[in-house]
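Labels for the chains are A, B, C and D, by order of writing; each one numbers its residues from 1.
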Amino acid sequence: MDLEAMYQEIILDHYKNPHGRGLREPYDGESYQINPTCGDELQLRVKLDGDRIADVSHTGQGCSISQASVSVLTDLVVDRPVDDALAKLDAFVELMQGRGKVEPDEDVLEDGVAFAGVAKYPARVKCALLGWMAFKAALVQAGVEKAREGAEIS
Amino acid sequence: MDLEAMYQEIILDHYKNPHGRGLREPYDGESYQINPTCGDELQLRVKLDGDRIADVSHTGQGCSISQASVSVLTDLVVDRPVDDALAKLDAFVELMQGRGKVEPDEDVLEDGVAFAGVAKYPARVKCALLGWMAFKAALVQAGVEKAREGAEIS
Amino acid sequence: MTATPLEAAPLDVAAVRADFPILTRTVRDGKPLVYFDSGATSQRPRQVLAAERAYVETSNSAVHRGAHQLAEEATDAFEDARERVAKFVGVDAGEVVFTKNATEGINLVAYSMSNAATAGEEAKRFRVGEGDEIVITEMEHHANLVPWQQLCRRTGATLRWFGVTDDGRLDLSDIDSLINERTKVVAFTHQSNVLGTVNDPAPLVERARKVGALTVLDACQSVPHAPVNLRELGVDFAVFSGHKMLGPSGVGVLYGRRELLEAMPPFLTGGSMIELVTMERSTFAPPPQKFEAGVPMTSQAIGLGAAIDYLRAVGMSAVAEHEKQLTEAALTALGEIDGVRIIGPTTTESRGGAVSFVVDGVHPHDVGQVMDSMGVAVRVGHHCAWPLHRRLGIPASVRASFYLYNSVHEIDALVAGVREAQRFFGVV
Amino acid sequence: MTATPLEAAPLDVAAVRADFPILTRTVRDGKPLVYFDSGATSQRPRQVLAAERAYVETSNSAVHRGAHQLAEEATDAFEDARERVAKFVGVDAGEVVFTKNATEGINLVAYSMSNAATAGEEAKRFRVGEGDEIVITEMEHHANLVPWQQLCRRTGATLRWFGVTDDGRLDLSDIDSLINERTKVVAFTHQSNVLGTVNDPAPLVERARKVGALTVLDACQSVPHAPVNLRELGVDFAVFSGHKMLGPSGVGVLYGRRELLEAMPPFLTGGSMIELVTMERSTFAPPPQKFEAGVPMTSQAIGLGAAIDYLRAVGMSAVAEHEKQLTEAALTALGEIDGVRIIGPTTTESRGGAVSFVVDGVHPHDVGQVMDSMGVAVRVGHHCAWPLHRRLGIPASVRASFYLYNSVHEIDALVAGVREAQRFFGVV
């Protein structure tokens, strides 16, 4: 196994300097997620501005993968239309649940493509999805009904 | 397997003409036993006369082995001192639980030695012991404290 | 011309038998084994042994808990087995809970229901108490009877049941009164392990739905022997056991409709079924994990997956057809013997391959002993269906139960055994 | 001169390893497997596989139910396994109940206690309700915590617990107030699956006896690793799992003192555990059958018997001594690495072979991933002891757990893994 293939530079960079960290007010939806197998936790807030994601803020503790993933998420969705964000969410979930067999679309996922290697390690997929589960749940709480649809994350 | 070795003539004779059959009054102790794996049942009564077993009467339904065994029991214990009967009980239980490796004493067990072959078939041991369990329990009910001791039957 | 689908190919008994090492052994001084006790437990083909062994020798580790390669492989193999089981009975993997046997599955539902009393609002529909009724049938195996008696004992609910007709069919004449507004559960067997009777779930499911009762199907004797699609049957829960369908002992299956498993309170608790644990309180994982506390029967689930592959390869329709032939042969041959009384339907109409009977004048135990001396393994007793035997007025019976590895000429041994028992005990 | 008893012979690791096929495999592109996850589940030697296979290929059938030769052989083999298990821990066969895992064993006791509310007078001593207390510890595995929480929930009893000291020992300073006249159960682990800490049952058993409380020992991590005599320890109940002691998955053991098992109400109900069944009510068989509903994990119990033979042949003192050496080596080597903090006792005094630690600046999941890439299988997370981790102020840890087949030089791989994780994540 090639450690570097999994822990791409991009992942390590986001892990060391996570974007969007710290909880901010005001917000429209919030979610608290835990990974029951390792005790990692994440609290995430979403602020909407009409159909646009205005802000994503978060705090918590976790491994490099979960921390980097929520940082990338922040980059991907903030300042985007909700529909775009949901499309990215679906694409990311599909990538992560693809057992390494899904070819990621860099136009959609940007830095998120770095997680392609993680998809080969089922035990880490949960880590990578933790932030996205929180994002989805926070959107639902913020009243974005269509966030209920789409990929199921587990 | 030799069927004749298990179903000795003596057993078949007792089966066809069971001794002591029918419930009689008066009695001092009574017991109802069932074999949970096959549903066989046996009701048995004991009448004491001081330290002597005055009568054993029984009814029920069961296979040739359980029927013959209670018939032999009747022959062995009726008109004997309680101590003798308990010694026979212990000897019979020992024989039956001996997996065919115990040499029966004909002086003690008389017709009961015919069950030596049955001891090789664990599933049938329970059948052979059903009447003896009932006898033991009935003695206890009749106030014979020492019937509590001795071989455990299960 | 199109190729014949696999399912339509008749079963090649000789080829099947070659996969079961135990069938080549002899018993009681060299008699070839005639195994007619698959209703109690079936034999395992070498493919099942090989699958378990391969797992143990290459990937064995604790599932859902580790992050190393072995744990990954083990988790994949385990979940893959779950998929196979689910597909085999037409449901989703998330609706399949692995238990130790079918008995645990029924107890799980019964205990979850009494646990609902102290669980949250989402579990409300599972609550039972005084005035509520649980309906079963008089032909149930103890596994689908005693847990409901105990649930009633714990909660104050009342147990009621469908009777059985003299010819061994379910008497549904009082269905509308038996299943009523007070009914919380209707639990019944798909196929009787004694009579062979196959019950049509449709009327029971329909009536139960109408009154809002949950249905629990005991599929122990149907899933191994015929194509069964639980979704199509429309039952809420169903159970079956691995050891009765060529799989290992120690693994059973509970199917539950997803929304029910989601709302139902947990039963066994401990590791791997939790979401969050503090000393004060815990929350629980989504199903099926919620119902699988502790390290599971991993290699056994994998063995069950291999058993299902085996059954699929043979084809369940072919299995059913083969058993029908065996049953027909047995019913005919036994029916021709004076003094033999068959318990249950005497034709193969809505009937599976368990043939129980009594021999006038010879106790079932003695019949079994004679058979055993001839190498024929049948079961004697009440087969864990004591009330049914009482209903039929007999203390016990002899049961021959068939499976895909039995050949029609083995029926001759069964008949010879009965005749020998009659001769030996002097009733002919 | 007398012969040296087998127990005194040191363990021959190379010979032992040769019996475990999985240990010769490689992982992650050809790295030799270093298996340090036996605390989660152990590997099975070929002798265990052979015993199961021999059973399945010659005697497989339903135990305690049949009268044919296979059923006899199966019942004998199964009961023989029970005898071996009993002897191994110094108790009687009638006191050994086979469960699917240790988790089921603890749930069995907890549910029997709530069932006592609706059972007869003989079960009175098992009843719990409001005002009663259940005492556990903060170092319990979820399996010995959540079932007690749920028992409290069902009955209204209160859960209380012993704390853990900073160095990972049980804090018994408040034993006299924690275990008091209201206490019904004292449940505690013999050896922590995280800290390695070995708890002396004596003071807890003594105090519990004084107040009439029942003791339940979680022996999951002690029975596999050292000589344990449950009778001498004086506990009322104990549980352990086959899969952690070289045996198959799917089989666990509950020990209960005979008089308690006799008086305790049943838990799972169904076939084989009954005495008399009518539609209205049932009575139950004596223990252990009373607690073994349905067809049991037969070949697995037999495999466990073979695992015990294997452990006895090696000698449990030799196993314990060998693990002590491994633990000593690990504690020393890890102690020398800057930035590594060992969780739990740092000497081998009253301590078994589970060594958990954290690496400053590197999350346990990431440490585990690096280890895995080097072929070293450790466990990361809270190891089903979340409250303990919270108490120690850490979300998770890395655990290396040892068994008889680990060699001391494998500790080098553990150390190399930690150093590589530190290098890779740039914390050194």
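The criterion applied here is as follows: a residue touches a chain if its C-beta (ideal position, glycine included) is under 8 Å from a C-beta of that chain, and two chains touch if they have at least 3 such contacts.
Predicted model only: the values in this text are computed from it and were never measured.
Trainee: What is the set of chains touching both chain A and chain D?
Mentor: Of all the chains present, those in contact with both chain A and chain D are C.
Trainee: If I rank A-C and B-C by number of C-beta contact pairs, which comes first?
Mentor: When B-C is set beside A-C, the one with more contacts is B-C.
Trainee: So the centre of each chain is just the mean of its C-alpha atoms; given that, what is the distance between chain A and chain B in Å?
Mentor: 76
Trainee: How big is the gap, in whole Å, between where the Cα atoms of chain A centre and where those of chain C centre?
Mentor: That pair's centroid distance is 44 Å.
Trainee: Starting from the mean Cα coordinates of chain C and chain D, work out the distance between those two points in Å.
Mentor: 31
Trainee: Would you mind pulling out the distance in Å between where the CA atoms of chain B average out and where those of chain C do?
Mentor: Here the centre of chain C sits 38 Å away from the centre of chain B.
Trainee: Mind pulling the residue numbers of chain B that touch at least two other chains?
Mentor: Within chain B, residues 37, 121, 124 contact more than one other chain.
Trainee: So which bits of chain C are touching at least two other chains?
Mentor: 28, 65-67, 71, 274, 276, 365, 369, 372, 380-381, 386
Trainee: If each protein chain is taken as a node and each touching pair as an edge, is the resulting graph a line, ring, star, complete or other?
Mentor: other
Trainee: Which positions of chain C touch chain D when the two form their complex?
Mentor: My answer: residues 21-22, 25, 27-28, 33, 35, 37, 40-41, 43-44, 49, 53, 56-62, 65-71, 100-104, 106-107, 111, 115, 117-118, 138, 141-147, 149-150, 153-154, 159, 161, 241, 243, 248-252, 266, 268-274, 276-282, 293-300, 365, 368-369, 371-372, 376-381, 384, 386-387, 390.
Trainee: State the interface residues of chain B toward chain C in the complex, per the touch definition above.
Mentor: 1-3, 6-7, 12, 37-41, 61-65, 121, 124, 127
Trainee: Spell out the part of chain B that touches chain D in their complex, as residue ranges.
Mentor: By the definition above, chain B touches chain D via 34, 36-37, 121-124, 154.
Trainee: What residues of chain C sit close enough to touch chain A in their complex?
Mentor: 64-67, 71-72, 75-76, 274-276, 285-286
Trainee: Would you mind writing out the residues of chain D in touch with chain A in their complex?
Mentor: Checking each residue of chain D against chain A gives 28-29, 363-366, 369-370, 372-373, 380-382, 386, 389, 395-396, 424-425.
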